[in-house]
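Each chain gets a letter, A, B, C and D, in the order it is written, and its residues are counted from 1.
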Amino acid sequence: MTVLGPAQRSPATATTAFLYRVDGSASWTVGTAHIIVSVSGPMEVNKRDELPDIATLEIVVRPDVGVASTREQFLQDRIRRVVGPVIALELHPRTLIQIVVQIVQSGDTKTLNTIALSASINATYMALLDAGVPVRSTVSATSIVCYGTSSIQGGLTTGVLIDPTRPELEKIEKDITSVHTIAYELKGGQIERLLLSESVGTFTEDEVFECYDTAAKVCEETNGTMREAVTKSVQQKGGWRD
Amino acid sequence: MPLSLTEESYLNVSLSQRPPCRPDGRNHLQFRPIDAAAGILPTTNGSARIRLDDGGECIVGVKAEVIAVSRGSEVISVEVDCDIVGLPANSPLQNLLCATLETAIKNSLPLRLLRITNKYRYKIFVDGIILDHVSHPLTLFSMTTYLALLDTRLPRLAPDSAGRDNDDKDDIGIPQFSSDWDDADRLCQNWSPPLVQLGIIVGKNVFVDATGEEAEVSDGGLLTVWHDGRVVGLRVVKTRDSSKQVFSVSSISNAVEVLANASRDIEKALKGIITY
Amino acid sequence: MPRDLTPSTIENTFVLKALTERIRLDSRSFNQLRDLDISFSSTEYGVVDVKLGRTRVIARISAEITQPYADRPYDGLFIIATEISPMAAPTFEAGRKSEDELVISRIVEKSIRRSGALDTESLCIISGEKCWAVRADVHFLDHDGGLMDAACIAVSAGLLHFRRPDITIEGVGSRREVIVHPITERVPVPLAVLHVPVCVTFSFFDVRRASSAISGRTRNDEAKDVDDDDVEEEDDSSVAVLVDATLQEELLRHGYMSVTANTNREICQIQKGGDMPVDVGVLLSCSEAAIMVAEKVTKLINKRLKEDGARRNVGNLLVEARAENDR
Amino acid sequence: MASRLEIFSPEGLRIDGRRWNEVRHFRCAINTHPVSSDGSAIIEQGNTKVICNVIGPVEPTLRSRVVPDRVSISVKVVIAPFSTIDRRKRSQNDSRMQEMCSSIQHVFEDAVIAHLFPRSQIDVNLYVVAQDGGVMQACINATTLALIDAGVPMYDYVCACTAGMLDREVLLDLNRIEESDMPFLTMATIGSKRKVALLQLEMKVQFDRLEPMMAASMSGCHHIRDLMDNEVRKHGKSRLERGSL
């Protein structure tokens, strides 16, 4: 079953260095999702969680509404899995790097959990850059939603939404077949390794591979957006050159 | 202040002699001076405060609430709760105090005293604060509760709804009470509350109203529940943190008899405070 | 980054010296508020981003249908959550509630919930069974002093900006059920906000104690002063009163008072901590100043609301839906 | 809600027969728990009864409480479940109680001459055994007396009083019924000057009514200060005669 339908894609915007009390901060807005991430560190760590050879990585996820629950635990774990290997923790032993992810608008519906995850990964990476924490390579993530609407004439039109907004999601919510959150590691703008692939729903093997290719293209675009945002903020902040 | 080894052995020997000699010269049945007062809190149905010579103090307030009950339910609703200052909430000592007294009162309180109409009954809350305790607070708490229950008064039904109460239709709504507090009838009109006494056993001797140090060297504690002139409950209690507390069975029967006498005297004394 | 934020003694003496000469570091006058900027989210109702100088707070209002409390069947629920995450400042730990977090949540609670800013009776759907539970989540993004004021302004503005979905009740008696119309079908309904509470914090500096701190005299000699000249009537000039202190001024102040006022010249709450005795006259003039600030802030909130309303009303969707149109 | 008339009759009599500017019956006893604390006092204002025990200055139990140049005061309030009309068991960390503790702590950390006891701690334990309005003011007054009894040097008496506003009538020292029916403020002053240590207002009130309320509560504080002062001097004289000083 080939994947038809145009892959609409809402543009993402990123801003950095707007919080003063923390070392690095970034905000990532795509569609109706808006996430703000702050990074503090490497700084003192209290005795209990000190590690002798690497920096302790503490990630706190705060929901937009209500008190932190299992949904936030899930995000916390996935972000740690993606960002952990990328940060050069061994350069700052016995210190603490604290990442706080504040979801302002999650962009997900009640059941889904993918838009917030991909936006948080992008925002976290930008905040790490802003804080000057050493990282091995660049990371970018995206969410892909596949749906199949059976129209009255019986034809099955399937489509793909990339980082959809919440109204779009609600429109096709009943017909969603599978949801994929994919994160890539890039070096010099080229896709290197697959860091995260979170797939929920029913899908065939070639559908997944199709999603991986689409995600690769999207991640390269997102990488471009990140590069622009960083160059703009460095110029504004004066940077080390001028 | 934990006792040194020499002090401990000296005290143990002097207490287990026959006749025993206590550091403050009291005999085994003698109580230290107690300052007791009843009816001190305006917001309660009954209240009392007892202060011991060693600074131990306890304030108990009894409050009654009207609750709706299903017909024919035999449940006696009494809740005993106490807050020991300095110990965290529901510490083992606090649970011991509350559980002992709650079961003692529940077993001895006749249901008819709590009945208002067939559908409504009183629920009795006994709340205590133990501001400070040097020796075991059980006796102190039970004496204060005894006095507070003696002082407790429950308002009578208002004249009009009382009249209709006799015919069994019982369709009156929430019972109305007369606001004349003076002629409210006493809970303990013809019922005397239970009294719990803790005695410590050293060798063959039994001591009442033990000080902190005496409890430290005791072989164990015995708790008796006294009600209507006879001992209705018995329980062994640990009075020391160490686990090796063991005492001979024969001393129990003697202890029970001693504690019974002590309880009888205390009951007479406490009843003297409330002037009907 | 040190774990606690106390500035060094050199910075402290510099700030105190400036205050004795009636100068503030950011060249504001003593009763001037930092520049306040309020922006509403364009995609969702009830999301407010308040920037008070460098302090930044986001309030998120949401509503869901639940059961009312048994003892108040005619009232809906209104909950305000003000948990501070380590994002605001590394000194706040994720789990434990710190002391000033407690003060902030108590003052915001008194300012908005207890003063009846939101009419909870209007939230009742079916008395005793179903009612709206409005929840205000305050996220503290950046801490530069004045978290209480920013939080209070954010929640007040959020309540005005929020729209809950419209509902109809079908069936009768015990079989009634509630149909919630999504925002796209029916125009969402605003909340019944009775008044707009605005919290203002005044920081007190004892100029005499400040000058003695600078001239190196320790507190003991200062205590001796108190004995011999306690007759001297403290005039008002020895107390410096600052409005909307920055974090540095907040850490150095000898006492503070938080006053919540609204535009109909009502004082919703006053909380003057016990840390520095202040003359009654000073407290009264502070309350009056609070009303002026409240009027200024409320004017800004209404201006931003109108702008946001205009932005949303592109293609005058609202005009079509208005009741006056002939059907 | 009690009807207006009942709260304040046209003849100017309140529900318990007092005039607008009369303080409730004020009884206090000092040094009531000599064995179990360094300083103790019991305050009865109308039907509100508060017992206060002060232990200190002592070694601080928690390392975190040590302040290098001054004493740190820790306040604990225990509200008895039987203290209110309907019995209510309060959990230890409900936010209202924690706020009352920290307010009292701040008031006395500035009233006590703190730098005389560096790196030490004073424990204040308050037990509210009967509540009929004005709990905060009774706690503050009880703490002042207990600190005096404990011999802790203070700049001056800290006295607290409440005042409320019913339509246009100012009422002093409110009981529970009045407190639940009108906006009121609690004010604590240090000494006889016009210095306000603590001011708490919890309900909405018109601004121009604030000044008369503040003036009334300040006069109430000064009146209570004289009452407490007489009691302390009387207690001192009696201890002198008994030679137990």
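Assume a residue touches a chain if its C-beta (ideal position, glycine included) is under 8 Å from a C-beta of that chain, and two chains touch if they have at least 3 such contacts.
Protein identities per chain, from UniProt: A, C = Ribosomal protein S5 domain 2-type protein; B = Ribosomal RNA-processing protein 42; D = Ribosomal RNA-processing protein 41.
Treat the numbers as computed from the prediction; the structure is a model and nothing was measured.
Each chain gets a centre from its C-alpha atoms; the one nearest the centre of all protein C-alpha atoms is C. Put simply, the C-alpha centre of chain B and that of chain D have 33 angstrom between them.
The geometric centre of chain A is 65 Å away from that of chain B, both derived from CA atoms. Computed centre separation for the pair chain A/chain D is 55 angstrom, with centres defined by C-alpha atoms.
Taken as a graph of touching chains, this assembly is arranged as a line, each chain contacting the next along an open chain of partners. Those chain pairs judged to touch are A-C, B-D, C-D. For chain B in complex with chain D, the residues that touch the partner chain are 41-44, 47, 54-57, 59, 61-63, 65, 81, 83, 85, 89, 125, 127, 129, 131-132. The touching residues of chain D, counted against chain B in their complex, run 33, 35-37, 47, 49, 51, 53, 78, 80-87, 89, 92, 125, 127, 129-132.
Chain C contributes residues 1-3, 41, 43-44, 47, 54, 56, 58, 60, 62, 81, 83, 85-90, 94, 135, 137, 139, 141-144, 182, 184 to its touches with chain A in the complex.
Those residues of chain A whose C-beta lies close enough to touch chain C in the complex are 18-23, 32, 34, 36, 38, 40-41, 43-44, 60, 62, 64-67, 98, 100, 102, 104-105, 165, 167, 170.
Those residues of chain C whose C-beta lies close enough to touch chain D in the complex are 99, 102-103, 105-106, 109-110, 114-116, 219-220, 223, 226, 233-234, 257, 261, 265-281, 283-284, 287-288, 291.
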